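The following block contains the structure, expressed as structure tokens.
By written order: A, B and C. Residues from 1 in each chain.
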Amino acid sequence: MNTLAVRLVRKLLIGLIMILVVATFTFFLVHALPGDPGAAAYENYLMQGMSPQQAQAKVSAIYGFTSHDPLLVQYRGYMWKLLQGNLGVSISYSGVPVWHVLSAALPWTLFPALSGLIISFLIGCSGGVVAAVKRSSRWGGSLSMSASLIAGVPVAVIAPLLVFVFSTNLHLLPDSDTSNVQLNPGFNGPYIGSLIQHAVLPVAAYALLGYGAWLLTMKSSVVSVLGDDFILAAELRGLHPRTRMRYISRNAILPLFTVFALSVGYVLGGSVVIENVLDYPGLGYVLLQAIGSRDYPLMSGAFLLITVMIVLANIVADLLYTVIDPRVRQ
Amino acid sequence: MSTWRVLTRKPGRIVGMCIVLFFAVLAIFGPYIYSGPLAVDPDAIYAGPSAQHWLGTDFAGSDVLQEIVIGARYVLETAALAALLTGAIGTAVGLLAGYHRGRTDTALMRLTDFVLTIPGLPLLIVLSTIWSFGKPYEMAIALGVTGWGGVARSVRSQTLSLRERGFLEAARGLGLSNRHVIVKELLPNLAPFVAMNMLLALPAFIGAQVTLFFLGVVPFSSSNWGVMLNQAVFSGGALQSTAALPYLLSPLTCIVLITVGVVLFLDAVDELFNPRLRERS
Amino acid sequence: MTDTAERAAMPPTSADAEVAVRDLTVCFDTDRGEKPAVSHANLTLPAGCITGLVGESGSGKSTLALSLLGAVPPPGRITSGSVTMTGVGEVTSLRGAKLRGVRGGYIGYVFQASQNSLNPLKTVGKQLLDLGRAHDVDDLAGLIRRARELCELMGMDGVRILDSYQHQLSGGMRQRVGIVFALVLNAKVLVLDEPTTALDMLSQAAVLRIIARVHREIGLTTLIVTHDMGVVSELADRLAVMYGGRIVEDGPATDVLQSPSHPYTRALINATARVSGDVTRARALPGRPPDLVSVPTEGCVFRDRCAFAMDVCSEAEPVLGSWSRDRRRACHADAETVTSA
């Protein structure tokens, strides 16, 4: 258990460094902008009737730096505010702190994406086992083929297609918003029902995103484990077929943990499209809007938050791996 | 089994090959079939399929079929360039990391981890605010530079397992230089593996481009499948009514078709390069 | 499954444990039709003896061994003949849970290179419990005790072994744990497939001593499948030689080794280098052993490499018949000619 703690601390440290690097990266990205975002906002404020001093003060408050300071000073200011949890103030939401906007949007991405991820993981992995065991039969072959196809179709095609089929044509599911706007939010039946109804398409889209990759990865992992000696040994020793299956599954799942963080990144990236098509106000939606309105604090804040989530997912996956595989516990 | 037999063993593979060839021909010769600018016909906006316009028209009355054919070149050219770029960068990084090991390996792998952790699509759209990569080679660079992480990891593990085989030590023992070993011994062994990875990357890059254009973050200068999707969904109201249906479904079908084609074809390529997978029929 | 559990609780006496292979043919499905890997094999493993089954790769010896457990891997299957075990009956006719019960309960199999024959994610002890539960063993604590005894018998610390994971054990230990798993359910027949191939010389000697000891102490009927004549000469009471899916000779080990009556056996012995004496005396056999597809379907399978081949060898396949006391051979050439050459 001692090694577990050491490993955890090490992973956290690396994760922290990663976040800092990403923050720096984002800072310089924003700073590499041609022209001066501050100047554009400054002009804007002047037009709104502020005095030059007020406008200047507002710009420096929003950006955490005035555009005339040397780069490193600005960087220090940015990082210092970041360490305090201050992501700056949004431009497009006139003065609302970035963290506010993000924390309101976060649940609308987190819950559907997580649900979709879990569903695609469960169905994809079981499908992968079937595809591996039955790989010489026609069923197995077509299962793998269908997974490859779904994996190959981009989210920009999946999301509109889902809406087209279920909303436009079949009129089964709504195509926008998180719930029926006429209902009162709260813990009441109609609202929760509407919430769920509106969440079906996003969750389905997230699930379809990841399903193909899970199935194919699990299939190749199972095929490789099936060739291992101890599986044959289990059969020759007269072990229960169910026990043998459990041996196979546990060993086959291991490599999937290493791709877990990657798939979280992919899913969160998909949120940009899914939430946009479905008018669902999550992180992806906010990110895209921020880009459209050149709201740099909000944009970099959202980007940073998404990356932090991926780093955290990576740490969790690594820990789970250590718990399951005794060989890495040296 | 001969190459031809492997390619034709399953009917799906032949279908896949035909599809891939079809689109390749379209990409190369398309603009010559439909030379000249797009004809605009304000009287026939979002018209349905007809003898004159096989797939109907778009928001400006231009022929959808024409746009599909012309659009093929951009999409495929960019995807191919991006695949080449990720192949080159990823192989270089993975090979050096796996071959030298030690500090080079750790450094290169930290870099690769970084590239892999950063989410691709959000990065690209954030990048679009400072650089409008509308032209094919610009798009290819943007996609290539952000997407080589996976290839690097795979190539590294392949290199590590090739290292175990001993022929590398033999070469070094003979006094052959590092460069010789890498170029003459490692690369030929890695080539089929990398080629497969690149082929597999094609649908992924087509998807990435389409998504970027779909989101409207990259300026478009000519007809383009992703742009068509964007217009169909957000301007044409294709999701609300069935008027602009062909306009929505045409690029959609092409994308799905290409993916199908590559996947089916890859099945054959996989077996060609991995003789061990050839199952007894 | 209670009857198997009852049987497992009452260890049968050594008189029970004889294995009879009768006219066994195992075919594999290939591109060019079904080809036999084992053809009309007749072999008896007498109770309480160590029988060595020798042959080159592709001779069908491993397939024969696997068919004793009804475990021929697809696309192979037993197309004719039978394997009978006293106390079990016809193994080849068993299916499902009954077959499962026999595997481990009556006959134990030890892998070639048992380096990876355990689940890397579970301790040895937990896997032992899985084994016990699969065979409906009521007294699991007794099973663990038996496992510990077997470990001690083979010179290992039982308690430590049971708490270990596979990667914490050395190669020789893993091999011995493989033997423990094969015997812990009181099986009376032990099959070892190439028990020394993956080990270094010192471990090889140690494993052979252990096998001999275990065989003696428990009173097993043992089959050792190997290509190594040295292993056979050290351990086996009886020796059977296989080539191209056929048994070409068998008999008491010392007799066969000292006066081989089949050209192939002669060649095998001649090819074995000896530590003492003239190394150059070892003579390799020209040509290559046949595989599934290239095995001749008419006449003697060995004729292309045989020093004693005659015309009749291309036309008719020799039958495995007895000659001399307790010995059998399948050859057209005269026994005297071969033994005195």
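As a working rule, a contact is a pair of C-beta atoms (placed from the backbone, for glycine too) under 8 Å apart; a residue touches a chain by one contact, two chains touch by 3 or more.
Source: prediction; values computed, not measured.
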Relative to chain A, chain with the most remote C-alpha centre: C
Pair of chains whose C-beta contact count is the highest in the structure: A-B
Chain A and chain C: spacing of chain centres that average the CA atoms, whole Å: 55
Inter-centroid spacing, chain C versus chain B (mean Cα positions, whole Å): 53
Chain A and chain B: spacing of chain centres that average the CA atoms, whole Å: 23
Numbers and ranges of chain A residues touching at least 2 other chains: none
Footprint of chain C on chain A - complex, ascending: 228-230, 232-240, 243, 247, 250-251, 324-327
Chain A to chain B touching residues, read off their complex: 18, 21-22, 25-26, 29, 32-34, 136, 145, 148-149, 152-157, 160-161, 163-164, 167-168, 175, 261-262, 265-266, 268-270, 272-273, 276-277, 284, 287-288, 291, 294, 299-300, 302-303, 306-307, 310-311, 314
Interface residues, chain C side, partner chain A - complex: 69, 71, 100-105, 108-109, 111, 113-121, 130-131, 133-135, 165, 167, 178, 181-182
Of chain B, residues touching chain A in the complex: 12, 113-114, 116-123, 125-130, 150, 203-204, 206-208, 210-211, 214-215, 217, 226, 229, 232-233, 238-242, 248, 252, 255-256, 259-260, 262-264, 266-267, 279
